[in-house]
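Order of writing sets the labels: A, B, C, D and E. Residues in every chain begin at 1.
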């Protein structure tokens, strides 16, 4: 009624005057009016790219994890062997209170990152890709070196993908002897443990720290928050303020996707991050004037994973047979019609980067198309029996595929429900069982309690990240301080229980876990052949059936602002705040 | 049959916020009802008649004193052991409607205690049916037409008869009739009274009759004793006709004076006694309990409590320092 | 007040059944008339119909209730009826029942009553009420300040009488005024009724199931049975020489303090209820010792015999024989 | 032995009387007949409904979340299954759980209430304090918290937990009924006659309270349906492939029934089922009120 | 006054005990929830792309807000914290005090609940009077059956229906949160209108769901009062209709006030569905959130607050009753 109609043009009624409307980060649902403007607080009011600044912004590159847009750092030099990163700060970077952004700010922020945990600034001894030293070169230059005992090719990403906060506000949090303590914590023994504890205690203070006033080096500063919205005003001192179009930004809170659907189909939002939506809703959203959907690469896929210590899933033919009985296109259509594309095959890699990484090899992989006859052949080969049109175990006992999913993961449950129906229609009994929530799901999954569950995979862009989902801890290979160890199924979180070595057709015997560990430090060219081997292994051995690859969908509206990223842009997984601060988004003329 | 000495009952009224209030329902009552005998309790509302009746029927505990049934002292027995003794004493309730379970037919109502008896004495099923018919006939009901009926299909008088029949199923030695006729239509009242009297004569059961209507007490048996109770104390006790004709306690006298006079048939008594009102305010525990309302009270009355005793050569026991016969009741015209 | 041919019916699943049938009764000014009858004989219904206040599903089906100087109460409606109630006819409820609003003090309810009847001098009304209460042996000020639950049964009954009289009604109906009160209180209330009646020159109707009560206070007595008035006349005469077999039986059934116990006898049978009242013929015939053939078909008319009215074929036949 | 005798002619006559009474009450207001028919319909649906459909239900992958049509009167769900088929087949779980809830509620509530009211004294105090406490703790939030601890794996378990949580009200009501019945002369008379407690409770007290208990049972059934459907709707219970609450959850939070009308049919299916069930029970309880009213039996 | 004071003291004492008991129960239930939140959070962060080690450290920092020590020590801390209104810190709110988080959410629950309840109360009692007066007619039947139906239907069915009809089919009202986000919060027409607009459906749902109960309760209360003799007495004394109506109303509403207070307490907990359907960021939603995110302190706090509301409502109801009912005021026990 009044609100719906009157506010189609948001600026008009509310005096938004060039304000931009977007939604809060999906990863942090809920908006806490009492939360501080603290980027580390889980429900804090520090908005990535708006009033929360990082050293740089990670590009959504299909294969290269070390590409960035400038943030606090204007540029950076990465040593060819990834051993160090030298950061050159924006020459006229300023905090919203007018003070310049200095190397000291960066160093302090790195210190804070140590206390709260970060990839490059981890306290755990031997963590891959950890920083060894932070050096202030001059007022605008900082050099961070990697501890090369367990190097990672993503080191630069680990460093640059970090918050920067003003030292004159946050400085008091770090005690004078912090850096010494940090050194001590690097070692081993009691002193080191104690130092780590102390640092963690500081971390807690950091999380709870509430700056009296939001001091930001980003394009906006926090003005006020209520349970429904957060309002940010343009920061005149931002280095690129001249190119920041919106005078203000409002973040809308939501607690269920359906709320965003309503906002979007009413054309109330200029932008919203990814929310899953059924096709009909998507169509409705598309009909809103100015409404645009931008889709791009999202380096995640979902697979149906087997616990190979349970019968009959230990038999590869059973896994292949099942793969032939699942029409992935139908599953995707039911479960994630707008947020995913059916996996062309199981390669362990998202389809987009797969082309880049393994090229033509991709087409040589078995697509496991829906084929009842093939499935039957595979099941027969596995020794399963068919009784009264139903498949049973080799010993004649009944077989039921029990798929587990966490409650609330409605796309997974939908997919499993669909798979269940498909399987039952083809003579394989199946059921869907859910557990109370994701935490329990993960715990029980890791404890090997389930036969079959869904598993996120292909977490690019770094090659190691992609395959560690299939051949990492959950499948028995642990990488501690650069040393790869394999533990038996059922031990140390190995619930998948693949064989330690696989004889891959046309490749020979390989140890996929060791190959995966190698990817951690390998350069792109070095990685490609390894990836091809691993993809073949995954395709042949099927520890999981890759179901669909996710698509990132961003909702934008051109009624008031233009200049939104193009389809498949490498900016798509960055928040709109970054697009704005880079000067892309323009007011509609 | 049953003897009581110094029975005391005090109710602690809980739930009232102003602290627990004690209600002295009985303050040391002696009574004795012989086998086949009759006794009547009369008194104003709230004087403790029902309480005493219930204690006698074993439905209520008492705080002090001793009750002996057929010579067996109850205090020496465990609660379970008392039950068979108290079963000899059956209570007949004032309200015959609530005394019968509306969901059960007369047959069912009589059947339960009878089959219990049959079980105890090893009698057959047919005995139960016979006995049911028998007790109904005893109370003057036609078994054939009554057995299958529900209480609501019976008149008040019939209901009360069923209640009595039910009491008779356990062959009681005594019936406690608490206001047993006050809720029954006037024209039927006498029938129940006659029945009780009849049962007394034919079966030899003793009857304890509780009422606030003195006249009805006569009809249970003129050989019976009358207990006049005031605020938990027996203040006069003696043969029914003696007390009616020659009450000596001012309270008994005022009670009798309050009986309406049938003006066409009767002549009012010569010296009616009206108690000083009101009852509610004066609840003094000092001296004679009736002193506050007594028109004849003397000095002694407010300081000393008179006890029930035979004195001044009077035929009845009384608890009054200044007993005096007064002619208070109305006499039939024909007599005068 | 003259009641003429009054019939009141209740609507039941079995159709409309009369609870009061063809009752004719005259209340002489300045007298106390008593109506006795057993439970269900229609006493309360009759009392309510005098104020035209029979509660649904009942209704006055026929007859008139003429009040001197006022008209036929049974035809009154709305405001006219309301004003007649209280002001002209006072009504006193049974003691045990609660005729007072539990949430208001007696005084406030008195004022409500005054306002309802347009009394201007409310102070005067309170004074009058206090005086009345004082006359009945109560502390007026204290009672007016009390809630219902703070009063004993006898006190409530006196308050009820006060409220019925305070507006100077000259006709007072008392329904079971002493049921559920104990003996001494009952005697007291009856004394008060008589005293106030005499003092104020009222016309009073007392309804009760207890012959003793009527005998104590009433000048005239009417006996009700199964919705009919079977006999009426001066109290002493009716009690001393009852004519109707029911009245005879009733009096015989009263336990007495002195005299021969064996003389007293219960009536056989049971009183009728609404559903068992015979459709035609005499209502009492089932229990009657003098039953004749005519009793089965013809409802006896109330025939006047001197000061008495008796509705019985047998009596009529005897008188004329 | 006594049972044998009591089962004779009198109780047969009583039963006949009872049913003619029922019929009379039903006839008086036709709405009550509607209630009874609806009620029978639900019973039939729970017992036999699933037999009319194949398992798994047929689906049409080309017809996901479609609005009502001639083919699918209430449309289809997000898997392309007919909504009416889902409602019918889903009723078994819902009604079974509700029945278990109701039985436990009534048995526990009646048992505790009877015991407490009959024994009085210390037991009464303890039990009633406990009951009061139970009544003070709000059911839904407690269920929400419990749903994280408890795994509701089947309809019976579901009903069990709901029943264990909901007997408080019945217990209190039964206790006060018992207390008031105790005061009635016939209970005291039975004690005076030396009849056993079993007899008093089983033959005198319970039959007097039977109508009341029966009504509570019906009301507990609705309570059982609502709580479990509600919990499924909130999505805190393990997934059930077809269940009214699950349907509500999927319709609203996944298929956008509150955003676009195309999924409204999917939403309306279970909603209508609940509405009709409520209506049925309301009408039947209304009739029961009269059937068991002793005054009406008298006529 | 002393009566009320005593009552209050008694209630407070009992209330405190109740809260302690509930706190204990909720503490142990919450702690027995399976699933290690720390491990789970690590996994979650890993899936979000964080390094395992970093994820672990971040989680440990975050969960540092969990109370430490043995279960028993935690329990002692928790209970002693209660006395200073310290319910611990919310993990998902970066260690913000639970009380503060609850306070924030409570606003959004209390206002609509209050509005809905009062609205339904007002309309319900008026219609209840009608239903009572017309109880033998068609209108009475319709009112009673619709009342029972509305009373019987669960809140979420009404909420979903209202939402489906008025927000989807005929989209005239919003169903998406407490306020249209596009307005400046503050005292301006647009914002207030929007608050109002968004409150319509949830308030209507509360009101509709509660309305049935009121109409039924009021109807039966009025019917009871109508049957009371004092109403007939007032009529026979010729009291004005308006006065009699006031008598009926006051006596009939009295018991409903108790229910009103109780239902206000209960509704805080019942808000879960409505808040979920209409996305109101109140206590119910907070409770669900805290459960899905395993925020123990917040979960326990929300649960405790909801229970405490009921306990307080009980106390208020009782005190209220004792203030307005003279029978209670003077210490008499009234069974309601």
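Following the convention adopted for this analysis, contacts are C-beta pairs under 8 Å (C-beta built on N, C-alpha and C of every residue); 3 or more make two chains touch, one makes a residue touch a chain.
Heads up on the chains, UniProt names are B, C = ABC transporter ATP-binding protein; D, E = ABC transporter permease.
Given the structure is predicted, the values throughout are model-derived calculations rather than measurements.
Considering every other chain in turn, the ones in contact with both chain A and chain E prove to be D. Averaging Cα atoms per chain gives one point for each, and the point farthest from that of chain C is the centre of A. Counting C-beta pairs in contact, the pair that comes out ahead of the other among C-E and B-C is B-C. Put simply, the C-alpha centre of chain B and that of chain D have 49 angstrom between them. Mean C-alpha positions place chain A and chain B at a centre distance of 90 Å. Remark: chain B and chain E have CA centroids separated by 55 Å (rounded to whole angstrom). Residue positions of chain D with contacts to 2 or more other chains are 147-148, 236, 252, 258-260.
Listed for chain A are residues 256, 258, 262, 408, 436-437, each touching two or more other chains. By the touch criterion stated above, chain D contacts chain B in their complex at residues 1-2, 5-6, 9-10, 13-14, 184-186, 188-196, 199, 203-204, 207-208, 210, 294, 297-298. Note for the complex: chain D touches chain E at residues 29, 31, 133, 136-142, 144-149, 222, 226, 229-230, 233-234, 236, 248, 252, 257-261, 264, 267-268, 271, 274-275, 278-279, 281-283, 285-286.
The touching residues of chain A, when paired with chain D in their complex, are 256-258, 261-262, 265, 277-281, 284, 330, 333-334, 337, 405, 407-408, 410-411, 413-414, 417-418, 420-421, 424-425, 432-437. Contact residues of chain B toward chain D in the complex are 57-59, 83-84, 86-87, 90-91, 93-95, 98-105, 107-108, 111-113, 115-116, 125, 128, 147-148, 152-153, 163, 166-167, 169-170. For chain E in complex with chain C, the touching residues are 136, 228-230, 232-241, 243, 247, 250-251, 254, 324-327, 330, 332.
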